[in-house]
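Next come two complexes built around chain A: one with chain B, the other with chain C.
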Partner chain A sequence: MSFWEYVGTRHAQLLTDAYQHASAVFQCMVIATLLGVFLGVVTYRSEWAGSLATTTTATVLTIPSLALIGLLIPIVGLGVAPTVIALTLYGLLPVVRNAIVGLRGVDPALVDAAKGIGMSRAARLFRVELPLAWPPILTGIRVATQMLMGIAAIAAFASGPGLGNEIFRGIASLGSANSLNQVLAGTVGIAVLALLFDAAYVLIGRLTISRGIRA
Partner chain B sequence: MSTPGDPGNPGDPGTPDVPGGPRSDSRPRRAGGRPGPGARGASDHEAFAFRDNVEMEQRELAAGEAPTPSAARGGRRISWQKWTFMPAFLFFVLLATWLWFRGAQLDSIAHQAVDDGKVWLALRQHIVLTAVSTFFVLVIAIPLGIALTRSRLRRATPFAMALANLGQAVPALGLLILLVIWLGIGARSAIVGMVIYAVLPVLANTIAGLRGIDPTLTEAARGIGMSPTGVLGKVELPLAVPLILAGVRTALVLNVGTATLATFGGGGGLGDLISAGIVTQRMPVLVLGSVLTVVLALLVEWLASLAELLLRPRGLEVAV
Partner chain C sequence: MPETTDQPAANGRPATPAASGAGIRLENLTKTYPGSPAPAVEDVSMEIKAGETVIFVGPSGCGKSTTLKMINRLIEPTSGRIRIGDEDVTDMDPVKLRRKVGYAIQASGLFPHMTVAQNIALVPKMIGWSKSRTKNRVEEMLDLVGLDPGEFHDRYPRQLSGGQQQRVGVARALAADPPVLLMDEPFGAVDPITRDHLQDELIRLQHELHKTICFVTHDFDEAIKLGDRIAVLRERSHIAQFDTPEAILTNPADDFVSGFVGAGAALKRLNLTRVRDVGVVDFPTAGIAEPLESIFDRLRSGAHNELLLLDRNRRPYKWLRRSDLARARETLARAGTLVTDTVTRDATLRDALEAVLTDNAGRVAVTGRRGEYIGVVDMETLMNNVHELLEADRLEAVEHQHELQEQRARLTQREQEGLDEGGGSRA
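Take a look at the complex of A and B:
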């Protein structure tokens, strides 16, 4: 069976897997973004807290994903729970760091000016600082998403959802006629999803980056 | 923002116009916590990370390089605490795991997974996989990065960068298994896969490091009559060392992680323990494998960051 025949006959299964993969990554990324930007906002003013947040998230990123999932299984069991926790944790680092770097990079003169025209602290944050820090945060989200795509594949080993299952089915039947097709379909599918997400982020960047700072 | 030229100004060290003074008025937040020279260096670094992220949109810089500023910033002051904390922490984790594992109830299946020195074998295999693949990554990526920034090949650089970015989209697991199907089961396929996977970020780091060098410096070096090799060896490479070292660290950390996946292609390593633990549902085996992997990864990262601080050229340190 050629690769295209395989994709043709299994497209329903593949599309379901792809949808679950994308949706798991997307949802975890939304949580990671909210949490990461929140952590960035809370910690960026203090040198100490900022570096603590960065170091902690960097340490989590150093941990191999299979090992983190392995440590989560005794606590939360197999399936969706370890996948979501692991993906969210790994997604945090780039967002937190770029949020801190971005917020610290905002020209203090602009914040001063905002204060001078009578903006409250919240208004300064939401209408001046975060829009100015948004481009690096968005870059962080892109980086994180790309990473999560690959980690989600590994999470399938802990019975997580997504295209990783296709790869593991191929591993289980290594040597059989369809194993190459299965692995290839999973791998290419994930790569395509990653590139689609990347394109979507470029579009989101166009739409959401404040016109004043667009290059 | 200060230029790279002005901190290295040993001729007049006693000049009263330290930039810390006037700057502290305009930027109260920056100057609040830190002494003058440190603050200057840190804000320069932050500006670099920021600009790289936005303009070049390069994920390797965002993912791999950016810890450097914080390390460099805190490096001199909190270094010994940082250096002793991690080994102590890891030792404690290992001790706790060992004590727990000794007391855990192991049945015959769990015994089969850990007896006869299988744990040591897995650990050794993991270290060998990581070391060998990192060696090849460096041997391939750094010369290639240097070659791609020479004037003759410079046209190919955007292409290589695009390829590097595209390559990151391919999941490591899929790449590894495809190689296993192609090259056969064993450690060799795993190493090939790990090398391919880690070459791209290190290559991108090297290229970014060499391209980020202030062109006036290389021009000045050429101006005083240095040969292209001299410019490369005496100016460009020393200036790019921090970024290259960050690339080495990235490669090591990536490889320790990817080596856990070698088990799915019969390549051995600590992934054997983890997958045996998951498949046979023996939690002690799973936890032992996972903890050992985590400890190894953190240890490798710690050693690499140590090397990064020690090997950084003295001339690049701002607070001299």
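Take a look at the complex of A and C:
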């Protein structure tokens, strides 16, 4: 059976897997973004808190994904839970780091001006600092999403959802008729998803970054 | 015109068009940063009258900016009181205070992600103006600072030149019609020609609005040009002299001030007086439509050996000398020297002097609003006037000094009588 024949006969299963893969990455990215920006906002003004946040999230990233999921299974069990936790943790670093860098990069004169014309702390953050720091934050989100696409494949190890299942099934039955097709379908599917997400981010950037600061 | 019936002003400020200035009083303001032994600003007391433009000028690091920022409490004073109008604002909510005090900074401080209109509308929106009132106000402010609303409304700051940005910065600071305007080296980052324009604009604005303006600069010439009064500050914001530009130029309080004034005080003094304030002299004139014969006759017979030929609109056209007559047979087309430079009555004496010096006969024609001839200024008039001015300044300064000395004497006397003892009663 050729690759395309394989895709043709299994497209229902592949689409379900792809949808679950995308959905898992998307949801984890939303959580990672909210959490990451929050951490950034809380820590960017203090030198040590900022470095603490960056180092901690960077340390998480050095743990091999297989090991992290393996460590999570005894604690939270199999299935969706370890996948979500692992993906969110891995997605944090680029978001936190870029949020801190972006917020620290806002011209102090502008913050001074915002204060000087009578903006409250919250107004300064939401109307001046975050909009100006948004382009680097969005870049962080984009990088994190690309990373999570690959890491999410490992989730199948803990019986998680997604295209990783195809890959693992193929590896497990190496030598059988469709094993190579399975691995290939999973991998190509992930690559296609990653490209689609990237295109979506370009669109989001167009829509959310003010024309006044767009490069 | 701003709508006044739209809604009552939220903070009890009377909703009259263009609130003019409120006085500012600084009482023993001190700022000490944690960890530094010497205060950055020490015991500054100052009274700024309503509607006055006061310039803080001093070398960099003297604390002039810090002093300014304590007025809207961007920097909280360590001790001392600040009063604006009748209100003690030292302990009020700083956010509320700042919405009533306009603030313009170097390089405009415009938010790059907002359009010009959004930038200007910020403060009116924050204090709860209605949409339509805010919208009208934005158009009005753009007009006021000389930018066409239709063209600039939706532009982003980066699409503007430095000078235009600075104008928008001033418009934003004035949008909610605050009685007080603080300006922290606002024109420091623009080229000299634009700066000159912006300064003229500010003078024009202030003539219309009568705000109380505190303006920080390190450029003494800018201070002279803009200030009703100038506070020359030395380190820790100690006031070396606080007086009118004229008084500081002619009678600097000490070596520090005279060092800051720099060389050429008399020349700088020329910037403060306009041609209209000094006498212009009459000069024999002739209309171009007059018959040649009569013009010739007047040149030959008159006490003057030169006259000024005016065109049909009575604008200066040519200087005509007796010696030119030889060349003018039938027509004046080839005779005389064309008038290349004139000054208006609003020109400063410095401009006039410049023109007189470049003219090879040492005089310049003064013109009115439509360019019509009014009179002539020459070297002699200028010299006499400048001498008179300097003399008057000197007398005034001496008188002023007497007053100060008397005041000081009274104070010392009171202290000696023990009325002011227990000096630690500072707030």
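What to note about this one:
Please note the rule applied: the second predicted complex is superposed on the first by the 215 of 215 C-alpha atoms of A that agree within 3 Å, B and C clash if a C-alpha of one lies under 4 Å from a C-alpha of the other, contacts with A are read in each partner's own complex, and residues count from 1 in each chain.
By definition in this document, a contact is a pair of C-beta atoms (placed from the backbone, for glycine too) under 8 Å apart; a residue touches a chain by one contact, two chains touch by 3 or more.
Nothing here was measured: the structure is a model prediction, and the numbers come from that model.
The superposition on chain A brings chain B alongside chain C with room for both. In the superposition on chain A, A:Val37 contacts neither chain B nor chain C.
Look at A:Gly186: by the touch rule set out above, it reaches chain B but stays clear of chain C. In the superposition on chain A, A:Ala86 contacts neither chain B nor chain C. Of the two partner chains placed by superposition, A:Ala53 touches none, neither chain B nor chain C. With both structures placed on the common chain, the touch criterion links A:Gln146 to chain B but leaves chain C unconnected. Contact with chain C, but none with chain B, is seen for A:Arg211 once the two complexes are overlaid on the shared chain. Counting residues of chain A touched by each partner, chain B versus chain C, the larger count belongs to B. Looking at the shared chain after the overlay, A:Ala24 reaches neither chain B nor chain C. After overlaying the two complexes on the shared chain, residue contacts for A:Gly116 are found with chain C alone; chain B is out of touch.
In the superposition on chain A, A:Arg97 contacts chain B only, with no contact to chain C. In this overlay, which is a superposition and not a single complex, chain B and chain C have their closest Cα atoms 7 Å apart. The contact surfaces that chain B and chain C form on chain A in the two complexes overlap at residues 109.
Touching chain A in their complex are the following residues of chain C: 72, 74, 95-100, 102-103, 105-107, 109-115, 122-123, 126, 156-158, 172-173, 182. Interface residues of chain A facing chain C in the complex, by the touch rule stated above, are 109-110, 112-120, 123, 128, 131-132, 210-213.
Looking at the complex, you find that chain A touches chain B at residues 45, 47, 51, 54-55, 58-59, 62-68, 70-71, 73-74, 78, 94, 97-98, 101-102, 104-105, 108-109, 135-136, 139-140, 142-143, 146-147, 149-150, 153-154, 157-158, 164, 167-168, 170-171, 174, 179-180, 183-184, 186-188, 190-191, 194-195, 198, 215. Residues 26-30, 33-34, 46-47, 49-50, 53-55, 57, 59, 62-63, 66-67, 70, 73-74, 166, 168-175, 177-178, 180-181, 185, 253, 256-261, 264-265, 270-271, 274-275, 277-278, 283, 286-287, 289-291, 293-294, 297-298, 301 of chain B are the ones touching chain A in the complex.
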